[in-house]
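Below you'll find a set of structures to go through.
Paired with chain B in one complex and with chain C in the other, chain A is shared by the two complexes that follow.
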Partner chain A sequence: MAAALRNGRAGWRERETGRPGPGLGAGAGPAERLHPAAPYKVKPTVEHHKKVFSETFEQPPIYVPVLTYMGYGIVTLFGYLRDFMRAWGLEKCHASQERKEQKDFVPLYQDFENFYKRNLYIRVRDNWNRPICSVPGPTFDLVERVSDDYNWTFRYTGRVIKDVINMGSYNYLGFAENKGESLNSVAEVTMMYGAGVCSTRQEMGNLDKHIQLESLVAQFLGVEAAMTFGMGFATNSMNIPALVGKGCLILSDELNHTSLILGARLSGATIRVFKHNNLQSLEKLLRDAVVNGQPRTHRPWKKILILVEGIYSMEGSMVRLPDIVDLKKKYKAYLYLDEAHSIGAVGPTGRGVVEYFSVDPRDIDVLMGTFTKSFGATGGYIAGKKELVDYLRAYSHSSVYAASMPPPIAEQIIRSLKCIMGLDGTTIGIERVRQLGVNARYFRQRLQELGFITYGNEDSPVVPLLLYMPGKVGAFARRMLKKNIGVVVVGFPATPIVESRARFCLSAAHTRQMLDTVLNVLDEMGDYLQFKYSRQSPGVRPEACDEPDFEIED
Partner chain B sequence: MWKIEIVQQVVKKQTMNVGTAHSEVNPNTRVMNSRGIWLSYILGIGLLHIILLSIPFFSVPVVWTLTNVIHNLGMYIFLHTVKGTPFETPDQGKARLLTHWEQMDYGVQFTASRKFLTITPIIFFADECPHPKAASTSWSQNLWHQQVLNATSRV
Partner chain C sequence: MDVKGVKDTLSWLYYQYLLVTCSYVLEPWEQTIFNSFLFIIVAMVLYTAYVFIPIHVRLALKFFSGLGAGQPESTVAIMT
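== the complex of A and B ==
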């Protein structure tokens, strides 16, 4: 409804579907872009009665990319000038160099490959890898550092910047804390079991804590069984090779994480990439795969595995899960869902995108997630049918070669899972999940009202705010730190050349007051640095549009 | 069959630092397809032309010739001489010996950007021809210049 009112503006590209519940036909046609036909019939939460899948990726006016290219062009020219000066001794070269005696050897690395790093990254390097000296909760303490030679080296002044609002940590439910009664159990477990296991799951590293954790995870997700691993990245990269091999096909989303790509490459299967969240692209690839089979022999593929993520962390967009599940059933493919950022963060009770879209967890073949983001721990899990998990216990690289999860970490996950599920007898968990949803929606809505361009789904706790120009990226991060707010900014080449952004990660531990502080600072800074590029009309509040929908519903 | 309209600029992810999300191995391949780069290119040539026009002792045909020459030289250096990528790519340096022109679109020929970048210098050259004064010498110089650049760069 709110989304429908925002339509029809020039330069505005919105992707919006209203989808009837499962079992009904998809009735959205071209005209439905303006009026969502029938919204998702999801369990009504306090905030929403009807849910419309609405993601926005607004384009700025054309002068913005032009100025961005100009910015990169100027920096490149100056880079060439400085390299020339360094090569001819007119300027001191701070980068590491080979010794004079080795100048005739084959060079260790190509100078040009570090051009970007030398001439652009180093200039703004003080915005990343900032040392902290407290737990990364909703606020944290930073070690103050200054540079005397334009970020080539840093020195610490000895002061600590206290209570910086943390908008960069993946602390979705606020479990990154070091005070709390329930943490006593973690301390006890550390005393009893020790800090680490030093063995693999298949040898001596299988503790009762792991078994307890795995049954709890399976119960949480609503599946038959689960297996946990010590490292989230390794969960993807070591288990995908166990599931698919040569002769199989992997269809992976364009914006998949490096761990998924590495796992896909290690498996030896053929990889085909479909455009981000674009179901026509995926369907085309599926049809092509089923009809044509393997490249030269035309034999049928042994397995087709679709790799998607729940929430994509750079965009803040959510996967179109019900549609992908329909596609997978139609073409008999398997689905691997990586819920690294969405488990614990979306859904009425925090069970991820599966719950958010009311999809049956038995429809997803492999449910994967990590404990790093919402649970304040490390590690990952793979869940699904008992058959699948038993197979992975025997054949996964992690279970044979990698040390298993340390017991204190397992206990931390157990305690946070119990909290979220309400098994500890309190409602803290569900309150946090609810608070995160409220924070995410509030923050996004206020940013859009203020006139900033943000990407992604309105319910996702990851909010990328587009800055576009390389100069603004550095200036923004520095000024935010001066105002005691810590943000993460990303630029080219981690993002497309035009779309440098600041990425905010909301947390349940952020209070309304903190968010308002951040928003006021952003408002001021948006006017000062001029990055309020949005051309849609601001100020549309969802409460004002909660009128009865007079459309004829399918 | 899919009635859902998806109107979204495809966001392409590119990597520099290991560990960031994306599957675009070499971001350089997509730069010439980004939004607004063709316009920026034209505006850049326009800016160069205006700067040269404001130098008092160059006459108009000379300025046109100079624009063409400097533009061709610039394109030659940046697109056809400099090899590799200014950042490390995760594909173990497949593009280290390739110029930017060769890297564009992963080597697929006759894409829209390649056609645009081929045709624009020709149009600028043709634009320059109608100036009659001192046209014959500069015209032939320019023609020779273009031919040499074209031959050496596309090889």
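== the complex of A and C ==
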């Protein structure tokens, strides 16, 4: 029998006809047992261009959006009641109000955003802007605050909630840390250069640290040159206007980040939006643009720029990069890839979606990213051909007017880049990248098995868990804090009105034990608050164990 | 012990009702208003059902049985 087991196929047949094996229920057909839908044993990193691109955006049962709308309707009615009471002086108004002299002018606070803020957001706003008093590592400390008047004002009790598991910080590779020998170099640089730069890049703010950092970034990404900026948001909003202008066309994804939208609007180019990750929509727009040209004159567009992101942080989905690169080559457009969340977080060696899909970095015209997420610092970079970067050094608003990156931050990025690339002589970096991938896949798999609806690609470290109903959003965040887990919940303006969610950001610093704690709490809470809406059957999985379980007792 | 189990289940059900109707975020006096409003409507529905359903059911049965019994005469009447 042991010999038969060593022979793979006979082994499987033995298992099927023999005992079912731990955890494999009688209901699982032979096909499912041979190719389990969600194997517990996490898949090793396979060749990524052969990997199946699997993203799910499951829809909940129909009663869920109906009840969500009903809930919003009820709160809106009470909002009208409260606004009426405030307007007629039956209740003191804590929100912003116009002065008596302004009452005859155009009303300032009557629009929907202000109504929503006064009557729904304030009621649950104790779940946001929570003050932190430690480094935002895998666990952190929160300052406790309470409200006596239903979240209009807060007061601090003086207590600190210690060791809250951090599921919200963008600490993908665990570089948000305050211990470690490599941090000594950051301290030395602070001693040598001071903390601030006090100038812009084009004046006196061009330090040798910046040159060192930029060459390291270019080496990391596999491109000719790179340029770094002091602020990630400003990298997008200040450089897109330098690259495109009037007479150019920008094709931007539906769910792009505000910095990309702001940059696109500031540039003055025409903006057309294509459906999220939908290549037919993009191709239709490209064909239309190439055939018809500019709106009235039909002259050809000066440039067509496609703006996409590597990982979309609200959905956890990844861009379909190889297909977009093919489209761009076919229609002679340019591609701007914003890898804010994916640099350092995906790919076998952490080089982002470009490596994940095995695309040549020379095919992407502008590679942009930020150092805020995986590198534990601030700032952003733009990388690509040397002529592009040299042009940006001269013409970007950021290099002319914005202060450049402070030296300690530059040193922090240099140290984390060296760690990831292995240039410091250790394997810590590559271990962290691998650990992040394992954590992400494990967490997503377990959430699927527990019956929650999650969005996004199975390899992305950003995991949105759908809650839908506004009441549950507030209750969930508060109960999780009571259980010492800090989560970020997102509601209406940032997400569609029906799809409120809790967004988990995994980290390489999370241990398996922390993830299991969080998953157990989520399991209980899913039953207590009833948000396990998934109708896909969870994969059959064996009992928790680390080795493959091939022994069969006689 | 069973009483405690029942009480726990009832309080869990009330909590679910608060979450689903989004009354969870309302202040206590608003919840009271909403609950009384809903209670009044449900009470009126039940009262109307109690008063009118037996009468309507009886009338409906009479209508259908009357129709079935009187059918041969009416078709003959139409043909002649």
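We adopt the following convention: the second predicted complex is superposed on the first by the 472 of 554 C-alpha atoms of A that agree within 3 Å, B and C clash if a C-alpha of one lies under 4 Å from a C-alpha of the other, contacts with A are read in each partner's own complex, and residues count from 1 in each chain.
Here is the rule we go by: a contact is a pair of C-beta atoms (placed from the backbone, for glycine too) under 8 Å apart; a residue touches a chain by one contact, two chains touch by 3 or more.
Quick caveat: nothing in here was measured; it's all calculated off a predicted structure.
Enquirer: Is A:P496 contacted by the first partner chain B, the second partner chain C, both or neither?
Expert: first
Enquirer: Pick one for A:L529: touches chain B only (first), chain C only (second), both, or neither.
Expert: So A:L529 only meets chain C here.
Enquirer: Quick one: is A:M70 in contact with chain B, with chain C, with both, or with neither? Answer first, second, both or neither.
Expert: A:M70 sits against chain B and chain C alike.
Enquirer: Once the shared chain is lined up, is A:M469 touching chain B (first), chain C (second), both, or neither of them?
Expert: second
Enquirer: Just chain B (first), just chain C (second), both, or neither: which does A:L90 touch?
Expert: In the superposed model, A:L90 contacts neither chain B nor chain C.
Enquirer: Regarding the shared-chain residue A:V106, is it in contact with chain B (first), chain C (second), both, or neither?
Expert: neither
Enquirer: After the superposition on A, what does A:H276 contact: first (chain B), second (chain C), both or neither?
Expert: The first partner, chain B, only.
Enquirer: With both complexes overlaid on chain A, does A:M191 touch chain B (first), chain C (second), both or neither?
Expert: The answer is neither, since A:M191 touches no partner chain.
Enquirer: Go through chain A and flag every residue that touches chain B in one model and chain C in the other.
Expert: 70
Enquirer: Which positions of chain B touch chain A when the two form their complex?
Expert: Interface residues on the chain B side: 1-24, 27, 30-31, 34-37, 39-40, 43-44, 82-88, 90, 93, 96.
Enquirer: Please output the residues of chain C touching chain A within their complex, sorted ascending.
Expert: Listed in rising order, the residues are 12, 16, 18-27, 30, 34.
Enquirer: Can you tell me which positions in chain A touch chain C when the two form their complex?
Expert: 67, 70-72, 74-75, 78, 81, 120, 123-124, 150, 469-472, 474-475, 528-530
Enquirer: In the complex formed with chain B, which residues of chain A make contact?
Expert: By the definition above, chain A touches chain B via 13-15, 17, 19, 26-30, 32-33, 55, 57, 59, 62, 64-66, 68-70, 73, 76, 110, 112-117, 121, 252, 254-258, 261, 273, 275-280, 283, 312-315, 323, 455, 490, 492-499.
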